[in-house]
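Labels run A, B, C, D, E and F following the written order; every chain starts at residue 1.
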Amino acid sequence: MLLHLSTWAEIEKFLQRSRTIVIPIGSNEQHGPTGLLGTDWMCPEIIAHQAQEAADILIAPTFNIGMAQHHLGFPGTISLRPSTFIAAIGDWTRSLAAHGFEKIFFLNGHGGNIASIEAAFSELYAEASFARRPAGFALKLCNWWDLEGIDDLAKDQFPTGHGIHATPSEIAVTQWAYPHAIKSVDYSPQIANWGPIREAADFRARHPDGRMGSDPAQASPEKGRQLVMMAAQGLVQEVHAFNCEPMPG
Amino acid sequence: MLLHLSTWAEIEKFLQRSRTIVIPIGSNEQHGPTGLLGTDWMCPEIIAHQAQEAADILIAPTFNIGMAQHHLGFPGTISLRPSTFIAAIGDWTRSLAAHGFEKIFFLNGHGGNIASIEAAFSELYAEASFARRPAGFALKLCNWWDLEGIDDLAKDQFPTGHGIHATPSEIAVTQWAYPHAIKSVDYSPQIANWGPIREAADFRARHPDGRMGSDPAQASPEKGRQLVMMAAQGLVQEVHAFNCEPMPG
Amino acid sequence: MLLHLSTWAEIEKFLQRSRTIVIPIGSNEQHGPTGLLGTDWMCPEIIAHQAQEAADILIAPTFNIGMAQHHLGFPGTISLRPSTFIAAIGDWTRSLAAHGFEKIFFLNGHGGNIASIEAAFSELYAEASFARRPAGFALKLCNWWDLEGIDDLAKDQFPTGHGIHATPSEIAVTQWAYPHAIKSVDYSPQIANWGPIREAADFRARHPDGRMGSDPAQASPEKGRQLVMMAAQGLVQEVHAFNCEPMPG
Amino acid sequence: MLLHLSTWAEIEKFLQRSRTIVIPIGSNEQHGPTGLLGTDWMCPEIIAHQAQEAADILIAPTFNIGMAQHHLGFPGTISLRPSTFIAAIGDWTRSLAAHGFEKIFFLNGHGGNIASIEAAFSELYAEASFARRPAGFALKLCNWWDLEGIDDLAKDQFPTGHGIHATPSEIAVTQWAYPHAIKSVDYSPQIANWGPIREAADFRARHPDGRMGSDPAQASPEKGRQLVMMAAQGLVQEVHAFNCEPMPG
Amino acid sequence: MLLHLSTWAEIEKFLQRSRTIVIPIGSNEQHGPTGLLGTDWMCPEIIAHQAQEAADILIAPTFNIGMAQHHLGFPGTISLRPSTFIAAIGDWTRSLAAHGFEKIFFLNGHGGNIASIEAAFSELYAEASFARRPAGFALKLCNWWDLEGIDDLAKDQFPTGHGIHATPSEIAVTQWAYPHAIKSVDYSPQIANWGPIREAADFRARHPDGRMGSDPAQASPEKGRQLVMMAAQGLVQEVHAFNCEPMPG
Amino acid sequence: MLLHLSTWAEIEKFLQRSRTIVIPIGSNEQHGPTGLLGTDWMCPEIIAHQAQEAADILIAPTFNIGMAQHHLGFPGTISLRPSTFIAAIGDWTRSLAAHGFEKIFFLNGHGGNIASIEAAFSELYAEASFARRPAGFALKLCNWWDLEGIDDLAKDQFPTGHGIHATPSEIAVTQWAYPHAIKSVDYSPQIANWGPIREAADFRARHPDGRMGSDPAQASPEKGRQLVMMAAQGLVQEVHAFNCEPMPG
């Protein structure tokens, strides 16, 4: 069930059978010479939308701009500062909690978001902790590549050159979903290098075409389909387990 | 051209021929008993995506959560506080300006956003004004219903009961784009009442089903199609005019 | 009744008969070659002080610095950023609400304030909306030129060259109240031009003497007196209507 | 010279002969059973306006709401939080510095403002200090009761029962300036008690009528006149000395 | 009793016999050619740790970075902006109040901290004042040099050349506690000059070696011992008096 | 070399031979029935102070309060919100960068700090990234348990019951450094349970004595000594490698 294609009355009814919602969250940032700028928010969106086809889970609109300051050296990247990101995650959560959602599940598509999302969770919990009261909601962060089976599948599909940015697995997912937007170039080197992550100017100097450790040429729509199907299944399981967890008295 | 389906290299190339970008911006909020929660961000997205089919304009990802605090009494609404909204618009703008975009066009789908978007513009300009330097970018807010021809067409389509929230025109637009998500109920009263806009509890007490002054039963996919086509044309014109405006020396 | 010339005990007594207060709010900013820098906060102050001569309404001290970033290219302008303005309106409102004021009426004298004041209202209401409780107060923004009769009178007095900044009507109001501070120059052109409003450097380049669309030479103290008397009457009516409006249960 | 009764062109001219401006700053807060709520912002305003009659100094509009959280238990008090106060003083200063003012003199009327004003100065200077550059402006805080001669005169006028809040000296100043707003009651006790300053509920419990250590019955318009005349003279001297101080290279 | 060397269970037990805690607070900043960078946080730490040897008082970890923006021109200084400082003091206080501490005593070692600490107190109290409720805690600021007997002793030890920064008394305290870190130089001039405190560049230009009005050559470990012993005794008395003060009903 | 026991002139000299500084950073929070509240900031402090005995590295004062909101259910815990923590790390970094430090190494002692420290780094880098300029400094986060050899040694010392909070390894470190503050109880169960980390009330309900997965009874001062010596050696290596890394042109 997609929240944005529902009415408020339908959500009111949903809340009678579940207090759990899934937010696809990612980033809009460069993904090397062939990866789409939307890759990191489209991957969790694709997976979450696929998952709700077969299961009664509720998917919020996609939180599409994340923490990508280090990619700002490449045109098209849009980034929030961590402080803005924390404020926005706070307002999303407060809105949903006001409606009675108690389990808020963030399906994340960008490694660079993790620290700021966890900081946002702590910022939210701290309100309750300082006030010595229960928060009234539980927050969960889950990267799509950590869903059950994905790591094995990706290692199987891409034994070398997977890397950590503009990876063939994330590019495969978008190739399956957006076949008309597949791009190709000759990569040089075939597998990109690695390095520490600092400010944008430093990042672009270290990674001239934007990739980190990856060889995106190995991606294919079919591999993307396999990843999406397995991730959708894993997501349903994770959400079910989270939904069943008891809230503290 | 859709930014999220492009690579950074394609955007770098685009910047050689234009410094203008369009951001669809809206809100995710209740739209009465039949309107979709995503209506206000989907309308500008639908129109902007349609417009770029026929013209060389660049569309950013959709800014889908806006200022909707007064709708929080209805499940599914997600709102940013104005201060968060201002911070986020600031970071989007700073990101795009860092790439060299000089004309940033916000195509808005939610009346409740207008004040906060304008405040965000002033917050951004103020940095330059305090520092006695040019801002380096020009910001423009345009509501889709203010695009050329739309007001006349909507008055023609819906001579009575258009209202200001959950209007038949916006619902028609989403009906055309998402025909499988058309909902219907018996409205009572047929045309909803009006009132001042304050906090959420007050709003829900005044507007029990969420509508303000509207009769959404008049919406149809065909009327939506007419609105989208005219709006897309109007958008191309507006963007072209904005693009041609000289930047201050 | 002027709050700043009252004691706390007198205000405590006033609260037994009314829960409504009027805050004159404006801006301190350039008003062309002859307009006073204080014009935009003095106009609502003059009108509100006049209104309380004949009616039992309570006037707060004047909120004299507003959002005027675009005028910072002209010496003497003092501006708050929108974020500061929102914070300050918040603290004024929280202070008055703590005393039991339930209807807070902002009589505004500066068009550039409108967006930020409305954003401030939403920021305040959002606290209640996220917490699912009534706000306990209602906020109203009213520009003095929107008071009953003023638009007609101004059109009658100044059929051409009224414009939108450094207008003959606002200058007339200050001429009546501060006759010793009347200034004059030869305007060139007689009626100033218009343009979009962006950062200060851009504004000064477009409007070399600070006016927008106006011919202030038409102002006179007598026209000012007529405007003040009509506006004072209109204010009493508006405040009375607001005061009578029931608060939500 | 009063800034709010001047045009921008007059301020531009003033800046050619002086880079110094005086901001009367105070608070709007309870002043015991007979003191006016505006006492603390009216005193520095009265003195500063008097001073500019005889000397070529420039007076900004009055900053009339300060840090008075401890008085919020008494109706009519309006307070900024320190964080808001710091932000607002920052924007005033940035605005004036943008015009070329280099010496900004705050004539203060409220003891409770001192810490927050000094914190605001440090916040402003810190921008330059972190950036290893000169600030470009010097800020000075001066309480009107610290102006030359005032302490001796007040001790002479009020050998006992001066106290520190709702003092006979500040009430005398407002009596001279606003003779129609003189109030009187029987004080009990004649001289009020003292205590630590904490939150508003605590303050009102300790000081039931709002006074701290004072006997306002000793105030008279004539004593007020003497204070204003001496303070105005002292202010001119202080401003002159500040104006002459060299700016760091 | 030192909090950081205790377990939570020991603190839980302490709270049954006292609701008071002491926080040593200072600054890490240049202290002239021979003073240690840690002087201002080590002095209150040394005194507080000494005091708890002989009395049942609880000492929190030391708040070691304060407001020292004016010293940033000298390497090794670390400063918080006032806004950060206020936020941090807020979180320390909220943490301790959540555990039931009702009397929070800040033993301060840096004059430059005073304004910001008091602003922080007001920021915390304002939450309660706006909400019309008791704060639940009382905050006290006490500089170690204001403890009973210290002023007389310091005047006796250093009749001339005490000054206000890098004073012989504070340097003596650190000499007693850290005898291996005693430094010496020839001072020129023997007694340093004074001046206003503004941004860092201005400060360093006025005070080339960092001292203000002081002759640190007079410090000795023995004088430090005398100061520490007297201050520790004074602290126990002050804390006892604060602890005994009744909380408002 | 300890910064707080140095003079500014000594730091000025140090900067001629190195641009690197180490900040011990931790948290003050409950560590089970026997762990000291200061454990998480004392461990990195102990290791860093040990390391500088044998190598020419510079150690800043300890950043002793971190992000520990989940431990606020246990008395003695003091926590910053992530937003405050980010602001404070920002000011520490800006201060040090102003002096010319280019490599700032945070030696961390608390797992709960990691996300907020990384968010703080991104917040700092983002300033440079939005402005399209180099940051001028590189930031590095290193947990003391990730220093070379520590993981193997701890597994060897504590093959079972190490856990993740109130671990025998961290308690051993403090036992070695503070032998007079060793505490003991009978643990029940011997090895504590695990669970998700949310707000404080939830945490205390899940972990009644504060431990997570650990059996602190295995700690001993001798094991602590081994850990400190190995960590000190590892730290010197890490700092050396970081110091040698070239800064981007």
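Everything that follows uses one rule, which is that a contact is a pair of C-beta atoms (placed from the backbone, for glycine too) under 8 Å apart; a residue touches a chain by one contact, two chains touch by 3 or more.
Chain by chain, the UniProt names read as follows: A, B, C, D, E, F = Creatininase family protein.
Only a predicted model underlies this, so the values are computations on that prediction, with no experimental measurement involved.
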| item | value |
| --- | --- |
| Contacts common to chain E and chain F (chain labels) | A, D |
| Shortest path length from chain A to chain E (each step joins two touching chains) | 1 |
| Furthest chain, CA centroid comparison against chain F | C |
| Euclidean distance of C-alpha centroids - chain C vs chain D, Å | 25 |
| Computed distance of Cα centres, chain F from chain A, in Å | 29 |
| Inter-chain centre distance, chain C versus chain F - centres from mean C-alpha coordinates, in Å | 54 |
| Where chain C and chain E are represented by their mean Cα positions, the distance between them in whole Å | 47 |
| Multi-partner residues of chain C (at least 2 other chains) | 72, 79, 81, 83, 95, 98, 129-130, 132 |
| Touching pairs among all chains present in the structure | A-B, A-C, A-E, A-F, B-C, B-D, B-F, C-D, C-E, D-E, D-F, E-F |
| Of all residues in chain E, those that touch chain F in their complex | 3-12, 15, 28, 30-38, 41-42, 60-65, 72, 74-81, 83-84, 87-88, 90-92, 95-96, 98-100, 178, 181, 183, 210 |
| Chain F-touching residues of chain D, taken from the complex the two chains share | 129-132 |
| Chain F - residues contacting chain D, complex | 94-95, 98 |
| Touching residues (chain side chain A, partner chain F) in the complex | 67, 69-70, 72-73, 79, 81-83, 86, 112, 114-116, 118-120, 122-123, 125-126, 128-130, 132-135, 138-139, 196, 198-202, 205-206, 248-249 |
